[in-house]
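Would you mind keeping the following structure in view while I ask a few things?
Naming follows writing order (A, B and C), and every chain is counted from residue 1.
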Amino acid sequence: MAQGSTTQGSTTHGSTIGAVAPTVARRSGAAFSEMLKDSALFALVTLGLSIPVVAYRTDLGQGTGLELTGRWGVVAGLCLAVFVLRLGQRLLLGEVARRREVHRLATVDAAPVVARAGRVLGPLTLFVALTLPLLAALASGGLSEGRYWIDLGILILTYVMLGWGLNIVVGLAGLLDLGYVAFYAVGAYSYALLSTVFGLSFWICLPLAGLFAAAFGVLLGFPVLRLRGDYLAIVTLAFGEIIRLVLINWVDFSGGAAGLSSIPRASFFGIPFTAGEGGFAQTFGLTFSPMHRIVFLYYLILALALITNLVTLRMRRLPLGRAWEALREDEIACRSLGIDTTMTKLTAFALGAMFAGFAGSFFAVRQGFVSPESFNFLESAIILAIVVLGGMGSQIGVAIAAIVMVGAPELLRNLTFLKAVFGEGFDPNEYRLLLFGLAMVCMMVWRPRGLISERTPSVRLGGRPA
Amino acid sequence: MEFFAQQFINGLTLGSIYGLIALGYTMVFGIIGMVNFAHGDVFMLSSFIALIFFLILTTWLGLTSVALVFLIVLIVAMILTALWGWAIERVAYRPLRGSFRLAPLISAIGVSIFLSNFVQVVQGARNKPVPPLVRDVIVLYQNEQYTVTLSYKQAIIMTTTALLLAGFWYLVQRTSFGRAQRACEQDRRMAALLGINVDRTISLTFVLGAALAAVAGTLYLLYYGVVSFSDGFVPGVKAFTAAVLGGIGSLPGAVLGGLIIGLIETFWSAYFSIEYKDVAAFLILIVVLIFKPSGILGRPEVEKV
Amino acid sequence: MTLATGITRLATVQDEPPAAIPGGPADPILVVDHLTMRFGGLTAVGDLSFKVGRGDITALIGPNGAGKTTVFNCITGFYKPTEGMIRLAQEGGETYLLERLPGHDVNRLARVARTFQNIRLFPQMTVLENLLVAMHKPLMRASGFSLAGILGLPGYRRAQAEAIEKAAAWIARIGLTHRADEPAGDLPYGDQRRLEIARAMCTDPVLLCLDEPAAGLNPRESADLNTLLRMIRDEYGTSVLLIEHDMSVVMQISDRIVVLDYGIKIADGTPDEIRNDTRVIAAYLGVDDEEVAAVEAEVGLAGAPA
């Protein structure tokens, strides 16, 4: 099973392991010195790469020119780290290869363990998500004190929803969309403009924002979905950038780079979250607290995310969803089976765009402010990274990736001991994208099908739909 | 007319830089069929390498000869960037051969994000200005209203580009590496059977592409006098547009495409609107990919069933 | 048929107006009419005309590079022919000009299904899912283009249950019931070939085009394939057009054979006629004497068992 589900992975691995195996089998001193030499080579290359971008930092000095500061200590540290990591990797790979040699027949199967973990993790994550405001309040001793956690939850859930939405396009249909954030922007600006110009309420704007985003998806998708995979990716990227540049430059329409502010807040289905007469607190006989709105927003994004998930899971078992997956596997075979590939891609594109539109309108109502800078390529890349790291197609994988990728740096920022180790100016957020990039590469190299790579069949013969 | 001539010179200068970057895209696409998304960031990185060596040479070693400084910076930047190109291919792309279709592109996006943020972390987020290396201009034409000039910078950029392209052309057309490279483009498996070291040829392609990007990076720094960690993205996309416009996989096409994109961008900014100059490049990319994906000099692709 | 008549027939075909191609089966399901396909300067198929009889198994044979797969790609909508017409006549009387249909409509409307020389399954999807994808059209309709399906309406459930039943029947027929829920990519080669045929059959085709179905199969699997193809012809009434190099398959199951060489038809007839056509034998593996003898042995001309 493990071999089957990760065919690509094992072929790419095969060569590395194959090259290492014979040396390890002997396990002689010569092999070890070979490893040392190899690791030293890695360190040497690192040294080469570090000159001069790491070794000298340029800073604006007192005068007009730049000043250089030598940092050879950092370079030495980097080289040492690479040396140790490479040596460790070689030793570990060697060990794995040796073990595999020994247990060649009794293959140790890791996949079921991961799958079982996924089965437990799903409900657990859902449980935590559903009770987060309560947990936060209990843990911090009050709803207002727990605000940090609830805000973090909202942030993470926004990315979970975006990740799930993009997962339809990338994970299921296999279309690499690098401009996904454009649809997010369409949703956000739809709400911002509809509510400020026409005074429409959030609950009318939400579906409209989704529809607008989907319409944009169709508009863009129709001409470009015939293109081969990597061209499509670049075209969607260009499209996303065009939307952003237009938002920046078309000041009359979008407020330009300054953005749009004082966007109306969300109401509880018509009842505003205000302190006075007719407000939420008074209507329900509660003491007013600004946290009511925050908690409401939290459950709103949770509901939206869960709807995204539900629709995706449902779609997978419908012919259209199956056609998406088939399309990802082999487009030519799809055509030979009478599937209109352009239309099928278009539906995936539009549905993904629609969820981005919903998320965008949530973003606008939560912030009360939108500006083009929230929708740059990096944002698209982060969402894509979440989908890729989650394992392209795995719903729980995407959720976990979003939690780790968005939540972890936030948490790390507050760990004071890190500052003690790395100096006062240390900000883990700076390293966040660096690690995103590295993680994307590592995933493609080691587990191209994602951490949770097992695909659940959409239907089984032995029993009804899975 | 004078205004037009001046813009034409400016456009050609910009176009030379795009053309140099575009060559890296087109060579890599030609040989392994992947869009090397990180190439723009390699270009940005090379600009930083050039910047730092420029500072070392001028402020620490006190060199004053412009030609010598330029030459040393150029060569060092080419070598060190080539090393980056080699390392990236080795770590992030080579293990992915035979992986699924989108894996190399996703990996390249990862490298791109890594590189720009790596530079941000090690060099800071602010713009890095350098004092102008050469200020002189040659006046080509003058009347009461207009002066058409060719600055020394522009002259250096165009000359360097032309010289390096000639050398590069010789390398690809006349040497055994060039033959191996073209063979790998046509049929990688057959080339391997005939005893060509395919891995090494691909590595060399990346090295060469990175070295050309380093030339572009050095010239970019010379031209604009400022660089920042985010400067890889937009020139990268424009150079890719140039490669696609010229016909991806075609080397003369990449240079031609670069010049056209440089000219279009310059004229667009001069006559229409400077705000939408990037939109112009992106629109060209979309239009070309939709209507003529084989570009000006590329060969049309026959779908393999 | 002799060499001389072969040439005269070719000549007459070229002189006739396109509407009437003489010879061939009386009730053709598919008429390929003066088909020409050029790639740049290369003519892969030159002015080719032939017919596929309704309810027949027709084989398209010829040496490597003779243009057989190109013909297939034209028929199944992957290439747009440079010249010529491809007419498909369904039993109800509807006629389709395949070269004018968008790629997927060749299957969806004209009901022509195909397999590929290098198998094209959906490797990560299970055997059952592969077959369900082939029933996309009826299931899409039943799911109300996903709207009814999302809501879980009973009409769709019934349709899906029927589809699964049909798929299960095909899975049983190709002997893969025990592996129905495994990824198709994990199956051995021979099973993948049969699965691809079953998947094509799940689209309810009137014409099934098979591109080298016996390639890479061992003799026992080849024999199974023969049985399967005969069953498809006799029980489902589906006409079959196949490209094949394995003469034991071709000679045993074909009702008619069309021979191509360098993109041009050199013979067209029953297996017996083809067996005795010296031109075919000469062209098929070159004119080398020893090779002719080998081919003669293979097609059973010299009394050798086929």
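Throughout what follows, a residue touches a chain if its C-beta (ideal position, glycine included) is under 8 Å from a C-beta of that chain, and two chains touch if they have at least 3 such contacts.
Just so it is clear, the model here is predicted, and its values are computed rather than measured.
Enquirer: Through how few touching steps can chain A be joined to chain C?
Expert: The fewest steps needed to get from chain A to chain C is 1.
Enquirer: Of all chains present, which has the mean Cα position farthest from that of chain B?
Expert: C
Enquirer: What whole-Å value do you get for the distance between chain A and chain C if each is reduced to the mean of its CA atoms?
Expert: 45
Enquirer: Would you mind pulling out the distance in Å between where the CA atoms of chain B average out and where those of chain C do?
Expert: A distance of 49 Å separates the two centres.
Enquirer: Using the average of all C-alpha atoms in each chain as its centre, how far is it in Å between chain A and chain B?
Expert: Those two chain centres are 30 Å apart.
Enquirer: In chain C, what residues contact two or more other chains?
Expert: Residue numbers touching two or more other chains: 78, 116.
Enquirer: If I count partner chains per residue in chain A, which residues reach a count of at least 2?
Expert: 332
Enquirer: Touching at least two other chains at once: which residues of chain B meet that condition?
Expert: Residues 303, 305 of chain B touch two or more partner chains.
Enquirer: Under the stated contact criterion, what part of chain A meets chain C in this complex?
Expert: Its residues touching chain C are 4-5, 7, 311, 314-315, 318-323, 325-326, 329-330, 332-341, 347, 455, 457-462, 465.
Enquirer: Under the definition above, what is the set of chain A residues touching chain B in their complex?
Expert: Answer in residue numbers: 8-9, 11-12, 15-16, 45, 48-49, 51-54, 56-60, 64-66, 68, 174, 176, 178, 223-224, 227, 229-231, 233-235, 237-239, 241-242, 245-246, 248-249, 332, 377-378, 381, 384-385, 388, 430-431, 433-434, 436-441, 443-445, 448.
Enquirer: So in the complex, the part of chain C that touches chain A is made up of which residues?
Expert: Per the touch definition, chain C meets chain A at residues 76-78, 102-108, 113-114, 116, 120-126, 128-129, 132-137, 139-140, 143, 145-146, 149-150, 152, 156, 160, 164, 167-168, 171, 177, 180-183, 185-186, 199-200, 203.
Enquirer: Using the touch definition from the top, list the residues of chain B that touch chain A in their complex.
Expert: Those in contact with chain A are residues 34-35, 45, 48-49, 51-53, 55-56, 59-60, 80, 83-84, 87, 91-92, 95-107, 109-124, 126, 128-131, 233, 237, 240, 273, 275-276, 278-279, 282-283, 285-286, 289-290, 293, 303, 305.
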